[in-house]
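Common to both upcoming complexes is subunit A, partnered first by subunit B, then by subunit C.
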Partner chain A sequence: MMIRESQIMKIHYITAIGALFVVAVHILMRLIMPYNMSLEYENVIANYHNIPYAILLESILVLIAIHGFNGLRVILLELRQSKAWEDGVTVLTIAAMMGVIAYGTRTIIVANGLGFE
Partner chain B sequence: MEKMSDRNNREGVKGWLNPGRYGWERIAYWLQRLTGVGLLAYFVGHIYETSSLTQGPDAWTAMLELTQTPMGHLILLLVIGMSTYHSANGIRLIFTHGGKGLGKPGRPDYPYDAASLNYRQKSGIWIALILALAAMLYGASVLFGGH
Partner chain C sequence: MTEQMIEKIERIEKKHEKKENLRSSVVLKVYRANRLAGEPGRYDSIEVPVQRWTTVLDALLHAKSYKDPSIGIRYSCRMASCGSCGMKINGIPRLACYTKVSELEGSSITVEPLANFPHLRDLVTDFSQFFVHHRNMQPYVQNEHADIKDREKLSEFVQSPEDLDKFLQFSYCIKCGLCYSACPTVATDTKFPGPQALSQEYRYFIDNRDTASKERMNIVDDKHGIWRCHFAGSCSSVCPKGVDPALGIQLLRGHLLGFSKNEKKIADLQERLKKD
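So, the complex of A and B:
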């Protein structure tokens, strides 16, 4: 399935606006208590046990991974143009995006389960 | 017909970074890209950093000892500035790509200033830079102020 570049740019902008809101909430969660205290293990794990917050973290992960790796793809396509380069860049950025999402999701799932055993 | 691969007019990174072209808009263009790449690198590093949570409190504390240092805080300040600039300038670009704030096309008279590179665009770039500075100052008060 081919997606037009104009459709990819719409996805790029929608993920950017979505990421702005969820990252703002993520930062506010670091500021509702003294910054150093918010980074203590118990407090961070408590965040991951909060299901709405875990969903928020997953949405940050997906939105920024899509936006970030598509941005990298756009930059690399501006630098060089050929069929092989464009295909290679697209495949590599999609693979990297999926790898980062998978690794981050693993952290969210495992941290969400910690302390429940 | 000339093949695309035979063309020898690619400037690559040199053309991308040339600050002599188009003034502030060009600087805003490459700042958007540099901050984007920097933020992507931080994002990947942050995913790795938080993954230490899954190895228990000791691994998390060891990671904090590595990142919650004056140098770590300086990097975080840079990330705050980069993310604020990237967001504010990105919003300007979304409007610009939608045709907002570009002005009306006019006859190209000397000195051939493009109508699209108008005060609205320049104001947007300055607002992004000022917001980034303000966010970095607030970040510094939180990270170094002991709040």
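So, the complex of A and C:
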């Protein structure tokens, strides 16, 4: 079933608002200790081991990937107008979005240690 | 008292004259090209005499009458009603009949064909695609209760002034194409209906005589539809009739997103005979 453009744009706007919120929380979490300390290996791994924080990182990944790749689709749709181009752009951006989410999720899972310990 | 008033009026007039760029003549730089003949574009400089009240169209018609009769220009009413004489004047889409030479700065005025339209010759562009977009919006009231075939049953809708206010400004559109020419999305996306068509869709969507709201939403809810508007707002700033197409687009978007509800009470049919 085809999704209407208004539904896609609703998702686009909701993911933008959601991303703003989760990225704000993420930045605040970086500021609870000196910035250079928060980037130290042990601290980064500790963040991934914290399940609520791992969920926060996963939600940042999903929200930004959906919003960003839909934005890219919109830009590319305006570039050229033909059925082949439009279908190609839609398939390509969905595939790229799923690839990025899959790779990012894998990173979170590996760093978290789930299933690999 | 009267003398004081006259002095005051004279002072205001002098102030106004300073603002206006009064000249006895002006150089028109007219874009000339015949695309069909494959001619490359060039600018012809033509000096024309001007008065305080001379419009760019008057100046062009003077040039056409006395200097170069081959200048291609489209015009009709000369009073900003028909929307025929749209062109880029000093880079901005304007109606030539509605732009006074004295309003413009500099000793020369550059006139070019409207952007975003296929160019035909000199200042004339092809409006076919523009009107196709307009037609696609079904720019007419649709109401299954209105029997237009049976003359006996012909009657009018009862509409309150409040209902009229909702779409009145959008009905002032004269289809001059200035907003379409100024739109940055139209420049790249040929399937985008443009501000004129979208604002007209809102005009009929919000009209309480129309019952096809859902169908109208479906028309604009497309990959190349209403969502491609960047809200640059240039359409509204160039409109010579004070229509705000960007507002119409945003209001229609609100309805599509569910922020606004089109809870219009469909206007009743008042049988003319009964009323009389």
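Keep in mind that, in the parts below, the second predicted complex is superposed on the first by the 113 of 117 C-alpha atoms of A that agree within 3 Å, B and C clash if a C-alpha of one lies under 4 Å from a C-alpha of the other, contacts with A are read in each partner's own complex, and residues count from 1 in each chain.
Keep in mind that, in the parts below, a contact is a pair of C-beta atoms (placed from the backbone, for glycine too) under 8 Å apart; a residue touches a chain by one contact, two chains touch by 3 or more.
Keep in mind the model is a prediction, meaning the values are calculated, not measured.
Q: So in the superposed three-chain picture, is A:9 touching just subunit B, just subunit C, both, or none of them (first/second/both/neither)?
A: A:9 sits against subunit B and subunit C alike.
Q: If you tally the residues of subunit A touched by each partner, is the higher count for subunit B or for subunit C?
A: B
Q: Would you check which partner chain A:86 touches, where first means subunit B only, second means subunit C only, and both and neither mean what they say?
A: The answer is second: A:86 touches subunit C but not subunit B.
Q: After lining up the shared chain so the two structures overlap, which partner does A:18 touch, if you call subunit B first and subunit C second: first, second, both or neither?
A: Neither partner.
Q: Per the contact definition in the header, classify A:31: touching subunit B only (first), subunit C only (second), both, or neither.
A: first
Q: Check the residue A:100 against both partner chains and state whether it touches subunit B (first), subunit C (second), both, or neither.
A: It touches subunit B, and subunit C stays clear.
Q: Share the list of subunit A residues that count as touching for subunit B in one structure and for subunit C in the other.
A: 9, 13, 78-79, 81
Q: For the complex, give me every residue of subunit A touching subunit B.
A: By the definition above, subunit A touches subunit B via 9, 13, 16-17, 20, 23, 31, 34-36, 39, 41, 44-45, 48, 61, 64-65, 68-69, 71-72, 75, 78-82, 100, 103-104, 106-107, 110-111, 114.
Q: If you look only at subunit A, which of its residues touch subunit C in the complex?
A: Interface residues on subunit A, with respect to subunit C: 4-6, 9-10, 13, 74, 77-79, 81, 86.
Q: Which stretch or stretches of subunit C touch subunit A in the complex?
A: So the residues of subunit C in touch with subunit A come to 185, 188-192, 217, 221-225, 227-228, 256-257.
Q: Name, in rising order, each residue of subunit B that touches subunit A in their complex.
A: Residue positions touching the partner: 4-5, 10, 12-13, 16, 33, 36-37, 39-40, 43-44, 47-48, 50-51, 53-54, 57, 60-61, 64, 68, 83, 87, 90, 94, 97, 142-143, 147.
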